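The two complexes that follow have subunit A in common; it is paired with subunit B in the first and with subunit C in the second.
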Partner chain A sequence: MEEFLKHSLFGLSGLLGVVCAVLVVTRKNPIYSALFLIVLLGTIAIDFFLLQAEFLGFMQLLVYAGAIMVLFLFVIMLINPRGDSLPDEGGATDRWVAFGVALLIFSLLFTAIAKSPRLKEFDSFPGMAAVPETVMGTPARTADHGSLTAFGYEMFTTHLFVFELTSILVLSAIVGAVHLSLRPRRRKREETEAALDSSHGREEHAHV
Partner chain B sequence: MPINLVSADYAAILPAVILIATGLAVLIADLFVTDDGYDNPSSEKSHLVWIGVCGAALAFAALFVPSGLLFGAWSENGVASGSEVVFLGALRLDAFGGFAAAIIIVAAGLTTLSSGGYLAAQGQNRGEFYGLVYLGGGAMVLLAQATNLISIFVAIETLSLTVYVLAGFFRKWKLGAEGAAKYFILGAFSSGFLLLGMAFVYGATGEISLAALGKSTADPYLMNVGLLLILVGFGFKVGAVPFHSWVPDAYQGAPATAAGWMAVAVKVCSFAALIRVVVAAGQGGVADAAIGKMLAALAVVTMVLGNLAALNQTNIKRMLAYSGIAHSGYLLIPVVLAFQGTPDPKVGAGALFYLVAYLLMTIGAFTVVAMVSNGDTDREELESYNGLAKRQPFVAFAMTVSLLSLAGMPGTVGFLGKLTIFKDAVYSGPYLYLAFVGILASLVSVYYYLRPIVAMYFREEGETIEIVENNWGVKLTLVLTSFGTIALFFCGKSVHELSVRSIQSITG
Partner chain C sequence: MSVDLIPLVTFGLLALVVAVGALAASELLGPRRRDPEKLTSYECGVPIFETAREPFHIRFYLIAILFILFDIETVFMVPYVTLFRDLGVFGLVEMGTFVAILGLGLLYCWKRGALEWD
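Right after this comes the complex of A and B.
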């Protein structure tokens, strides 16, 4: 019964995910695209939970579906694009080429998974079985696999160096973002005022 | 599992740590310049340049300390140094990483030296430029040493972020914003391929170390698809055709000295990581032979299309960008040979030696572009070079040396580099045709490399253009690059031997 529930949950979330992914690409209005993307990220979180990777599942919800997508929506609403103000997308030829490339990549990835001999092993839902017994000589299939403790332990021992390196990554990103977004000081006030004026104007326009 | 750091751990990361510390020092030192215009920093800030150059010199010296990366290969005659896995497999202390690190560090030093006057003339001499060069440089050095999938990915992301910003560093340029946006989006896209490929390899082997690429697995097809996706990701990073569309726009919009940095340093570390990947994959025999053929096809297409597209460029930066694509094609030849796993363990050495040549000639050429354009986009067209030899004979000479070396003319190190690569291909047997295509492609390339030279020496100056800004750092860079380009032709043997010993530290 539990197996059946897991399978049906996976089937439902997978189906929902695919439908949402298609809608993200096809919707003309960016707000709808962003909203469907949130649902899509949620379905991926469900997959993580089914694989007993609770920590990743929560991170997926908190970081992607939560923080990043809220930022997305804010940016979209600030730019406030109308349907007719969006630039034309590529012509029919571009679309066919893109479709062809996408089909090629899909078939490559699909066969990679379909041809896998492991697929036959998965009579029951993978869960633990998908995790190799040892990673770099240390047992990986511990009882608390996927939990915060196991995750943190790995991060601060095996991958300590890479963890430290990410601090340089974040620092570079901050330095770069500050440089690219810093505005000239003298004109700053004028620009802010101009931006405020135009946003007021837009609101009035919306009321009319 | 407690972590005990031993001296090898420290020795392995010392050059990278020095580079990153230099980047931080530059960022902090920039804060003390208070009398500079905030919106238009146009003073030369030579103290920042000095901090940068000293940091690069220190990092270079750190390669040669006892138990340092290059110490073994340099001192023990012909014996590869004992290489060690450090940080639980994240990095490896070996001469191969050391050799690539040396090129990256020299590139960082030369870029700093040539940028001060150029950025100041643009009114954009901000400390962030040098900070990003050195932070990115540290990540590049670590990428050249990285031996597991996670450290490779994080190092690539770190260095990519810094070069995206450098590509759009001149915020006033519309072209800069366009180039940086294209570079960023395509770079993120290619990172997706890389990461998916890594996930597949992990799925097939259950290991994240590069050595896993060579081990037999129950699922070879998944493993090969993963390897293919990883190679596509690297193809984007080195700008191989058909993944090259971002290169001309990114180089054209970037500050000229940053374009030189992007061309050299990103290629060096990406090719170093790529060679590690193909050596690991090729040695095991799990990787499908078809992947070798695909790599060879990639090399052919990149060499041919890169050179053909460069033929009718009128903008010197775009021309050098397509030339950079073509050089990625030449550099893919040793990668193909290393994948094939010939009994000769030194086939990849051609790539390392060629990258030294590429460093000197490319930085030289982009420094001249920086001097002539002086920050003005209109002066990046070929016509701006008309009659340059009369006004600035030394600058014209340095440009000529760099271009002739890029074309592979005898008398310059570019010739030796091409010779090494093509010779390896000829001896390899099945990939003889790569050498044939490469020689034909470089013959074609002579045409477009000669066009600026003809303009400089044989054309009359059309309109009177201001004499380019002169600056000690730029001049010193040009002296070093043109001297190095010529000198290494005559005494490149020791560098070549060092590159051979370096490659043996991963293949032998």
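Right after this comes the complex of A and C.
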């Protein structure tokens, strides 16, 4: 019963995900595309839950479906596309090029996953077989934390360098976002301050 | 942690039945007297002044993007919380470096005035 439920849930979420993915690229109105992308990310979160990666599932929902999709909608609203202002769709050549690129990425991912030696560890649904039983003396797979502990252990020991690199990536994103969006405003403010200073100077001069 | 799926799926199915059932019952049993006035968008009972699709200031976007970036920082702290006893000083130094690098980002935002509204 349990296995049947898992498989049917996986099948349903996979089907819904594929349908939503097709709708994301075929809708003309980008807001509909963004909304279908939210559903698509939700189905991926269901897959994470089925693989017992609850932490990743919740983060998928919170960060991707919650926060990042808000940014997507922000960008769409900033551009503010309307029916008549939408650019024309590319011709048949563009579509074939896009299809070819998609096929290339798909085959790349498929080969990488199919050839992965870790695939053998996932012979059935219960994953995380590669996680050691103990982390520095305490059980890595406690009933309380499940894969969150295992995930954290992997991240803080094996992938320590990548974890620290992530902070530099996020730092560069912060600096880039602030720099790009503040530069014109800052210059304007300096100009107005300079103008104020010069007028102040003139006033003082007049007083003297 | 194994998720007990049967209660979860039962709950999901019940929620679906209640949601669809309530909508279907009101659609089938309720009286339907539609007129164009009723089908217009409702905005506090007054006629709509303008379209809701107005572009807004890029400042909101900066706030949102900074929120997400520091949100990601918090996400990385969650697994650390479950492991900080096991990882000890090693983990503290590791997490400290992470937070310090992102602290530089916060400092940059502050100095550039990105946290100010005007």
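Of note:
FYI, the second predicted complex is superposed on the first by the 132 of 208 C-alpha atoms of A that agree within 3 Å, B and C clash if a C-alpha of one lies under 4 Å from a C-alpha of the other, contacts with A are read in each partner's own complex, and residues count from 1 in each chain.
Keep in mind that, in the parts below, a residue touches a chain if its C-beta (ideal position, glycine included) is under 8 Å from a C-beta of that chain, and two chains touch if they have at least 3 such contacts.
Being a predicted model, the structure only gives us computed values, none of them experimental.
In the superposition on chain A, A:23 makes contact with neither subunit B nor subunit C.
Subunit A is touched at more residues by one of its partners, and among subunit B and subunit C that partner is C. Of the two partner chains, subunit B is the only one touched by A:161; subunit C is not.
Shared-chain residue A:111: touches subunit B; no touch with subunit C. Look at A:39: by the touch rule set out above, it reaches neither subunit B nor subunit C.
Touching of subunit A by both subunit B and subunit C, each in its own complex, is seen for residues 135-136, 138, 160, 166, 168, 171, 173, 175, 178-179, 186. Residue ranges of subunit A in contact with subunit C, taken from their complex: 1-2, 5-6, 9, 49, 52, 54-55, 59, 62-63, 67-68, 70-71, 74-75, 77-80, 82, 126, 135-138, 143-149, 151-153, 155-156, 160, 163-164, 166-168, 170-171, 173-175, 177-179, 181-182, 186. Considering their complex, residues 1-3, 13, 20, 27, 38-39, 87-91, 126, 128, 131-132, 135-136, 138-139, 142, 150-151, 154-155, 157-158, 161-162, 164-165, 168-169, 171, 196, 200, 206-209, 218-219, 221-222, 225-226, 228 of subunit B touch subunit A.
By the touch criterion given at the top, residues 1-3, 5-6, 9, 53-56, 58-62, 64-69, 71-73, 75-76, 78-80, 82-83, 85-88, 91, 94, 97-98, 101-102, 104-106, 108-109, 112-114 of subunit C touch subunit A in their complex. Against subunit B, the residues of subunit A that register as touching in their complex are 108-109, 111-113, 115-118, 132-136, 138, 157-162, 165-166, 168-169, 171-173, 175-176, 178-180, 184-186.
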